[in-house]
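Look at the two complexes coming up: subunit A is in both, with subunit B in one and subunit C in the other.
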Partner chain A sequence: MTVEIPKEKWSGQVREVTIGATAEDGGTRTQTLTIGGETTLPFLHFEGNIPHRPALAIEIRDRKPDDWSPILMETWGEAMESPAAWAKAAEEAGADLIYLVLSLTTADGEENTPENVRRVVREVLDATGLPLAVAGPGQADIDNELIVPVAEEAEGERILLGICEEGNYRTIVAAALANNHLVQSKTPMDVNLSKQLVILISDMGIPLERIVMDPTTGALGYGIEYGYSVMERLRLAALQGDSMTQQPMLVNPGAEAWKVKESKVGEGVPESWGDWQNRALEWEALTASSLVQSGADILILRHPETLKRVKAMIDALLATAA
Partner chain B sequence: MALSGLEIYKLLPQTNCKDCDFPTCLAFAMKLAAKQVELKDCPHISDEAAEKLESASAPPIRLIKLHGEDGTVEVGNETVLYRHEKTFFHKPGLFLHVRDDEDLEALKAKVAEADAFSVDYVGIDLYLDGFAVEAVSGNAENFKKTVAAVIAGSKKPLILIAPEPDLAKAGLEATEGSRPLLYAANAENWEAMADIAKNADVPLVVHAENLDDMADLTKKLQDKGLEDLVLDPAAGGYLQSLHTFTTLRRLAVKSNFRPLGFPIISFPGAQDGADESLLTAQHIAKYGGFIVIENFEPAILYPLLVLRQNIYTDPQKPIQVKPGIYEINNPTDESPLLVTTNFSITYFAIANEVESAGWPGWLLVTDAEGMSVLTAWAAGKFDAERIAKDAKLFGAGEKVKHKKIILPGHVSVLSGELEEELPGWEVMVGPREAVDIGSYLKTVWQA
Partner chain C sequence: MATHKVKLLPEEKSVEVPTGTLITEAAISAGLEITQPCGGQGRCGRCAVKVEEGVVRKRSTIRLNADDLESGWALACQSLIEGDAVISIPEQERIERRLVTEQTARAIELPFDYIPAETQSIQTRQLSLNPPTLDDSQDDLARLQGALQELGYHPVEISLLLLQRIGPVLRESDWKPHVLLDAPTPGSGPARLIEIGASPFHPHGVALDIGTTTVTAYLVDLISGKVKASAAEYNGQIARGEDVISRIIYAGKGNGLSELGTLVRETIQIVLEKLQRRTGVPPDEIFKVTVAGNTTMIHLFLRLPPETIRLTPYIPAVNHPPRFLASDLDLPFHPLASVDCLPGIASYVGADISAGVLASGLSENDALTLFIDVGTNGEIVLGNRDWMLTCACSAGPAFEGAGVVDGMRATQGAIEEVWVHSDTFEPTYRVIGGEKPRGICGSGLISLLSELFVTGVIDRAGSVKLDLDTSRVRQGDHGPEYVVAWADESDTKRDIVLTKVDVDNLMRAKAAIYAGFSVLADSIGVDLADVQQVLVGGAFGKYINIENAINIGLLPDLPWDRFHFLGNTAALGTYMGLLSNELRMQIRDIANRMTYMELSADNSFYDAFTAALFLPHTNIAHFPSVAKIWGDEVDNKKEEK
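What follows is the complex of A and B.
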């Protein structure tokens, strides 16, 4: 019996977005990162094209964080003392993109300043040839205060600036427009909110080829199914031709997975949770790998071992010759 | 896939003879689509049309049930490709692979440990579904002894992996009284395996290297009267299994292709170059049915079982946390008491913030039917009366001696009423967003 393999005919395509600029394009990056362009669901090569692989970013901070899991502190060790060293270590670990998150305060408890973040961004750009994304600490007024000088310092590098949210996107988009960067939009696990913010941002005049959307996800066990399904719905809408859902998707499984009890805490937990180190790594890897299946184009991770494992999985899923 | 009234009408004689007591064939077709009448009420339907209609009313993926001495596993009956379209119904069964060449005592210990594994996730008990026992020794007596040893250590359902009919028979002798899954019929042994499965009334796995051969085999087995089949498409690693499982799900759900409308069995730990837990996760999300894993490791099994629970959660019915008072960071009777609803995401957001801010605290989770704070308040499921009732029910007064309770900022309007409902208590209004709880407590709470 000949079984006919069903194939979907999709009319839409995810937009291609390129982060980073080489000398040729007015930047100093030694490589750029292009994502998107898919004309089918994740890895279904038999019915469409997947021109670019899902990218893996490593999150670094402008200073050693106070509240990260000891497992991460031990892994990055000395490198966490300087953003430049951390960025280099992330590059060596195989990252495609450096995702730099600015802190509210400096190591001695003072408020973070425009001068300080300029210095950090310069050091990171000098330390690595990888493309860069920079996000503020997550408080609207302070984000704006810090992201504008970052955008100026990195002018022409086509970095990804974050995080644009419904209540606070204008300043960041303006900074991206003025200095030739891209922006990350972020909405809380909802298809319509996601579309709406992309519309608002593009209404400011920034081309859609410079917007990456973050539909938000929860960690495994902490709401991943909401993010997972919103991503599937967004991607299906994109392939069916709904223009404002066609941005490549960025998600942050690293930050989500490493803030839950299962990865943070080694003592006073049920014995059935198993070995702490293994469990913590599984938590990040399973959160990330599930989101690869639901259509993520960029995944931000924290542990180099997770990056290695997820990369191997993506390699296998792209091995079309097999 | 159910047929519409019009699709059914096309298969009827269209004579409007009224022998079914309906005025027209179309009226009868509409009733049939609504499952209000039975097909046999039409005396003139052709055999061919009857077959089509009957097969159309069967589920696109057959439900397969296994049971052990205690415990059952049901897999199949899925109707959608994406969980948001409706829901995924029957969680894939996770089975631990054991072999009859292992040292019997070591095997017994392994089975006992895996059998006892259980972990609580938001009040849901998660555990391994059973064991897949493989005859690798080639010795029927040995296999039977091993299966008996597994049964002695666990009452969970089994999969018997026996490549030869003799071995299959021996294994089934040891499982009398339960309903294991028999693995596997292939192009060579299918007739003998079919007889054995039929006699023992157990479901049978069909193994083939490609879908064409698979469809031929299932057809032959169905002709022999076997209905309960499971597919082993020998699907390999990440990419091949994604393509094959997606194709099988689409064939069943979208094309209503009967010969392959059965659950899938997979062996993610036996694939070269694949990471067992990541491939198992892929099979959980993308259409796996029975999943046989090689390693029992709680640190891996726990997250996999949570993933399975998450993916198979009905999107219409969010996971709820059991109402009660939860402890965070070993609180004392001087620690703050916060109140929220039993929507799992709300609960996690608050518990996580309090926990990561390093505050010992009590969290009163009220029964708001799984809604978030604002939704529950708007729906009247989170009001002063309910909060007061649950505070008393769960003994808030015995947990803390300060008699202060912190309300979510979004429902500050409830504070007056709550003070009336809880005489002697001070009602404090917390922040609107969970993320601000740490700084809120820092300003208002003197521990």
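What follows is the complex of A and C.
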């Protein structure tokens, strides 16, 4: 007896979005990153089309961070001394995208400046041929002040600019419009809020093909199930034809996983927690691999070993489709 | 315990109070009033007073800035007397909204052919008794009851008060007394004797609607069934909390419950005095009172502890109160008058809605009807003659002008409608009374929000676009804001503004109401577009513009001819229940038939609420007419660029 696998016929499709521009398109990238385009749920190849595999980004900073785990500091080592070297190392580790986060202050505690971020972005663009995403430090005024010069410096490169939030998106979207970039729209774990921000951003006239949505997530044990469920509902709505939910999704499991006690703290924790380094890596990898299955199109990671593990999992899931 | 002397200015009244007395309590003991819109929770900041001399202990100083504190301002409901003090109480907000209910009441017509003998529980009769003789030695009461039984009234209860009087009255009337009976089912017992006398009675009744904000009464001639006069007055409890939750909290403090019960009685007394001036009918000639109100108002009126109304699982002491005597309730009507509180449905859908549904005709109509009554709380009923579903959503008082920086009630000086120019963003507005504006009332706020949205001054999330080329938008003390009137054109000599915080409050209020509709409709698989008529009750509906209300997503986007504004449906339904036993039974049936949905226990409500927290709604497909106007406006702007 043959078993017929039931197939769902979805009416909607996730939008295809391309980050980065090669010389042909007016940029200097040696490769671009295209995500989205799915017509079915993650890894259901038998049912629909999944033209692009989930992409893995590595987060780097414009300077050596003060508050990262010693495990990460040791891994990246010397490369953290210069954004260009760090980007290069990330490329070597297998990243599909460099996710550069700007700091509030310089290493000397001075305010970060437009001149400084221009220089950093230029160095990173020169150091690697990967497509680039740049996010501000996360304070509305300062984000706006720093992202505008970034957008100008990277004109034509089709970089992803972040982070647009409901209360602060107009300046960043205007900078993306003026310099032909894309934007990351981030909302706090809610289907309606995700939709609303996509609407607000597209109302400013930027094409939907230039918006990546970040529905926000939590680390394993810290709300991942809530984030997972919101992503799942967004993707189901997208496949059902709800246009404003059809943006590809980006999430940041790296930042989430590396701020929880299990990965941050090596001493004074129960012995049964096991080896610190391994635990921290597992935490990031398990968080990320769960999110891959909820429909994430881009995952931002911090540790190169995690990237390897998640990539292996994606390879394995894709292999069954072949 | 040590006591301290507190002098209150400008009245120059002094009181001695113990250490730890709140300034508000000190004021009350001095016979002065300090308004506490939030019920003394220290949230609204409207009870600020100035400590001129002495020191008070401030438990909280929320909403007071450093300058205020420096110059001695303190929150009266949060500051404790700990030594002698001199305190200035600023002039309290005067309550002076036009009481619209007085206008609408006059237009009320007898809603059906009224034949008192068939439908009225208050019956008057003249009896003819055989005088006693040595051979017929039956006592007076048995003789009276015998005569009543012959007319079909048996058994008849009689109070001691009347028993004390029957002997003389029977003889004075030469054994032909006039009686006034309360016979809920006419013609058959049990009945109750209310009054007996030598001359005929002309009975009157009162339909009383106790609103959170306004108390309305109709004085009704129970023979003709006509409304002789109506009167309305602000509910005296307002100063102890503007919404039901604040009042429940206040009722839980000290003897707050007793105080609130007294305040509403004082209001009823004022209303009755007005009615007496207009008709000459004194309160003690009123023999029947029918009362509607939301569940909290009924609890406070009956002095029932309301605390459980606001705590899960939200169980009131009573939904169907029994009848009481006016004397039991310490009310100034005839002491034996029956006081009939109409039945409610649940903690947040009260008798005002049961009565309102009767008045609206929803429960007898085949058409799929949405009935909404928006006050401080929004109550919604969806259904027809076969089924009815109801819920309450806490809209808050934003549409009544509270919780908005320059919000005010719909009185003299309130901006009631605004138009914004789509290129220059300059507003024009209309003010009640035609004078200089002092603030913006509910209809003005709805109209302003709609205009700011349509012209693109705010985005669909309600954020003010500070990058527009106009001085009307700016960063103010409370965040981004839009200036509706400059200081030199306002009566207050200050700019009248709508801030981002105000917009958020209005958005939350409208989203709560819209989410209420959509959850009700979704829960039974009805599409809001299929609603055949929308009936809007309450004073709220009278002044709002349908187009503006649809633009902001407060009302569903349906053809305008499906909307009907009914005025005070609660008072009308109460009037109907006062006149007719049969309709009174229908109100009870309506209350029993309605299915109540508790939204706080419903998972879909939050989703529906966040979806509605957008202009007009996250799913613009539900608002085709708005999509069209607004789409055109956006296209025009893009072309200009």
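Observations
In the analysis below, the second predicted complex is superposed on the first by the 319 of 322 C-alpha atoms of A that agree within 3 Å, B and C clash if a C-alpha of one lies under 4 Å from a C-alpha of the other, contacts with A are read in each partner's own complex, and residues count from 1 in each chain.
FYI, a residue touches a chain if its C-beta (ideal position, glycine included) is under 8 Å from a C-beta of that chain, and two chains touch if they have at least 3 such contacts.
The shown structure was predicted, so the numbers you read here are calculated from the model rather than taken from an experiment.
Residue contacts after overlaying the shared chain place A:M1 against subunit B, while subunit C stays out of touching range.
In the overlay built on the shared chain, the residue A:E166 is in contact with subunit C alone; subunit B does not reach it. Legend: residue contacts after superposition of the two complexes on their common chain; A:Y226 is shown touching subunit B, with no touch to subunit C. Of the two partner chains placed around the shared chain by superposition, subunit C is the only one that A:D203 touches, whereas subunit B remains out of contact.
In the superposition on chain A, the chain among subunit B and subunit C reaching more residues of subunit A is B. With both structures placed on the common chain, the touch criterion links A:V260 to subunit B but leaves subunit C unconnected.
Across the complex, subunit A meets subunit B through its residues 1-6, 43-46, 67, 218, 220-226, 228-229, 232-233, 236, 259-262, 264, 268, 270-276, 278-279, 282-283, 285-286, 289-290, 293-294, 309-310, 312-313, 316-320, 322.
If you check the complex, the residues on subunit C that touch subunit A are 459-461, 463, 465, 467, 607, 610-611, 613-614, 618, 620, 634, 638, 641. Interface residues of subunit B, counted against subunit A in their complex, comprise 82-84, 117-121, 211-212, 214-216, 219, 237-240, 242-243, 246-247, 250-251, 254-255, 257, 259-260, 273-275, 277-279, 281-282, 285-286, 297-304, 306-307, 310-311, 313, 315, 330, 344-345, 348, 352, 355-356. Across the complex, subunit C is touched by residues 166-167, 170, 190-193, 195-197, 199-200, 203, 205, 244 of subunit A.
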